[in-house]
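So that you can tell them apart, the chains are marked A, B and C in the order they are listed, and the count of residues begins at 1 in each.
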Amino acid sequence: MKTIVVEQLKYRYPLTQTLALNELSFEVEEGEFIGIVGKNLAGKSTLCQALIGLVPHFYHGGYGGRVIVDGLEVGKSQVDEISKKVGIVFQNPFTQVTGSKLTVYEEIAFGLENLGVPRAEMIDRIDHALDLLQMLPFKDRAPFDLSGGQMQRMAIASIIAMRPKIIVLDEPTSQLDPQGSEEVFRAIQSLSREGMTVIMAEHKMEKVAQYADRVLLLHEGRLIDFDRPEKVFSRDDLDQYGIAAPVYTEVCKALDAKIAGEPYYPATLDEACKALVMRRE
Amino acid sequence: MSFAYEAGRDILKQLSLEFDHRSTALIGQNGAGKTTLVKLLKGLLRPSTGDIFIRGINTKEVTVAQLSRHVGLVFQNPNDQIFKRTVLDEVMFGPLNLKQDRHAARESAVLALQRVGLADKLEANPHDLGLSEKKLVSIASILAMNTDILILDEPTIAQDFAGKERIKEIIQSLKAEGKLVLTIIHDMDFVAENFERTVVLNQGRVLLDGSTREVFSHKELLRQACLDTPYITQLAERLGIPQTILTAREFIEWQQKNSERRETNAQHM
Amino acid sequence: MSLYVNRHSLVHSVDPITKLYYIGAAIVVPFIAPSFHAAWVCLLLSVSLLLIARVFHRAMPILGFVAFVLATVIVIQSLFHPGNATAWFHIGSIGVYQEGFWYALGICFRATNIVCAFSILVLTTKPSDLVEALVRKGLSPRIGYVLSSVFQIIPQMVATMGTITDAQRSRGMETEGNLLVRIRAFFPLLGPVVLSSLLNTKERALALQVRGFNATGEKTFLHEQQTYQYSAVLQWGLIGVVIIVVIWRILS
């Protein structure tokens, strides 16, 4: 089943001339893990915000085409209606903390209180979200006392508790240290395993290749490619779009080690090992 | 040297380090004390016990502003410093504080902006630039002060491929000039490619200190400090390559040599 | 950032709203009651409540400051109150008068009483409980949010300010020295502080929106509504006292 349908999406920020998103059309199946890649200002964040309706409801400007998430047309719905279907996690963990709650537990409750979720159900959902993000040991801590990685996991838990079918993550680890990033990536992976549709914009191509089912390559607001990671990363023209393939793809390309029976180069550690061992033999 | 924000809770414990001209990466997980160490080197904090000497000057005896002739520090977030209306004025702020006259300050600023590739944006408003370019402005504003020691705090954060390449070039050119580049960084691949020496901090102590290659060969110790080795190093290890590989180029060369060797061996048999 | 002292006491278990009523009464009663005795009786009551809540020592710093200010009032009024007639004694040519002294003492009792009443609220009520109680009473959740976030956002802003100061000092800006140096150092700090708080505010606004901050439906609460005993009795009692005092004033 298609969870996300984007048709001819066009968007221009107020007071600007160029289109930030230009004639985007694509579809995402339920339960897929999608990586969005592209250089800075390619439109990754804008696309994320269009999926959750912040474009056009928070950022105004020129808007055309349609975005449908789980049957709901984003352009014609209220942000709080959309947020029951799709949730978003931003880059900066600090600015996602509401600042009005004293504990992690209360912080996660914030969205549910606003949506009017009954108390008993609220507690169930919070406990589940805390468990999934392995945040139970921190439930009584003050939000601002957490480390970056823990804070970001709390942000994800706050969204998960709202039970969306889709979660959008806009470079969720760009401001975290390696350990924090790893915690967050693992958490995202467990959401994906639970059957959630995950859309993640990310700079670390090795991570994108490791987790994503398909990679969406953006350049100047246009969709350049939308395919399996090894296919996208095997392209010869990636530098034109200001991105570099994972280092695994890079070395396999130089050594001409392809995935067995395919015309593409490996994009993950495991695949690269296989291909290079095969080449040796 | 030790340092504590509150008495009895040392963030840095009995540290003894010397920095020479080698470009040095400072790595460690959050809370290991990297930022604190950098602030101490810059004179923003003073050691609780022990001393720090920068070119023979004890940091306890001078103000931060005086020390800024010798040590430049580029902060993580360029928005924390930018306040002028043009890129040129922003970059001239440092040299003017060092009491250069306007003409000389302008010259230093233009030179610095050329080095970071923003020579065509002198009159632009820095707030109209993207984050990558703002970061370059903040680097230029420290370069213009022409210090012998340059410290960068997470220069690659929020940078895309092109931004990282540009920063790599700047670091290389500073190295060529014989300046000490010291960097706090989480991006291990970037460390492997650019830094001669690596210091690993863990819970306020130096866990490892040596050439980058040597440091990355201590896989177990790094894991204890919750740090990874570069992706390419992991791949080489998985393939059973006996030496520590640091870059894609080294990896490719090793593989090519190895397969040639195997071919010649096969011919001899 | 909160002055709340977590204890179990009779005062702690009183409804935050009732404490607001008490503040109202503590301001009104001593001022309109046509008797000097009302002032010290009220003060005695407030102090007793602080003692019962076992937070009196936490109120001391505030009271100490207030006492300092009020001491000057007593001195000035004893010397210069317009109604001064009966001198107690003279220091040189300056007389110290009874009328001014008693007048000033009345002011002191009333002012201290107000400070104590506020201290009761602040020291024995979690700020979040107060805000939640107000929102349940019909206060707009937006205003509730602003009230409760201020306590946590301000320390964050102070931290940002510290980073910005460090960044400019690192570029050779002197921040220590005479007034002129300090004034000059002000502008390089102001710009980035304003910008970063604007950026943070925008990002936080986005994050709040996607968590249903603008939802129009009925809100629910994580915490069960606390049932406070005798809330109605206490609140009506306080209103009653105020009414009685008003009548007393009119009749006398």
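Throughout what follows, a residue touches a chain if its C-beta (ideal position, glycine included) is under 8 Å from a C-beta of that chain, and two chains touch if they have at least 3 such contacts.
None of the values given here were measured: they were computed from a predicted structure.
Taken chain by chain, the contacts link every pair, so each chain touches all the others.
With centres defined by CA atoms alone, the chain at the far end from chain B is C. Chains A-C form the pair with the most C-beta pairs in contact. Once the centre of each chain is set as its mean CA position, chain A and chain C turn out to be 45 Å apart. If you average the Cα atoms of chain B and of chain C, the two centres end up 48 Å apart. Separating the centre of chain A from that of chain B, both taken as means of CA atoms, is a distance of 29 Å. Counting partner chains per residue, chain A has no residue touching two or more of them. Residues of chain B found to touch two or more other chains are absent. Residues 29-31, 130-132, 157-163, 186, 188-189, 226-228, 231-232, 234-235, 238-239, 248, 251-252, 255-256, 259, 262 of chain B touch chain A in their complex. Against chain C, in their complex, chain A makes its touches with residues 49, 52, 54, 58, 78-80, 83, 87-88, 90, 92, 94-96, 98-102, 105-106, 109-119, 122-123, 126, 144, 155, 158-159, 162. Against chain C, the residues of chain B that register as touching in their complex are 39, 42, 44, 63-65, 68-69, 72-73, 75, 77, 79-83, 93-94, 97-98, 127, 141-142, 145. Taken in their complex, chain C has these residues touching chain B: 160, 163-164, 166-174, 176, 187-192, 195-196, 199. Chain C contributes residues 126, 128, 131, 141, 144-145, 148-149, 152-153, 155-156, 200, 203-222, 224 to its touches with chain A in the complex.
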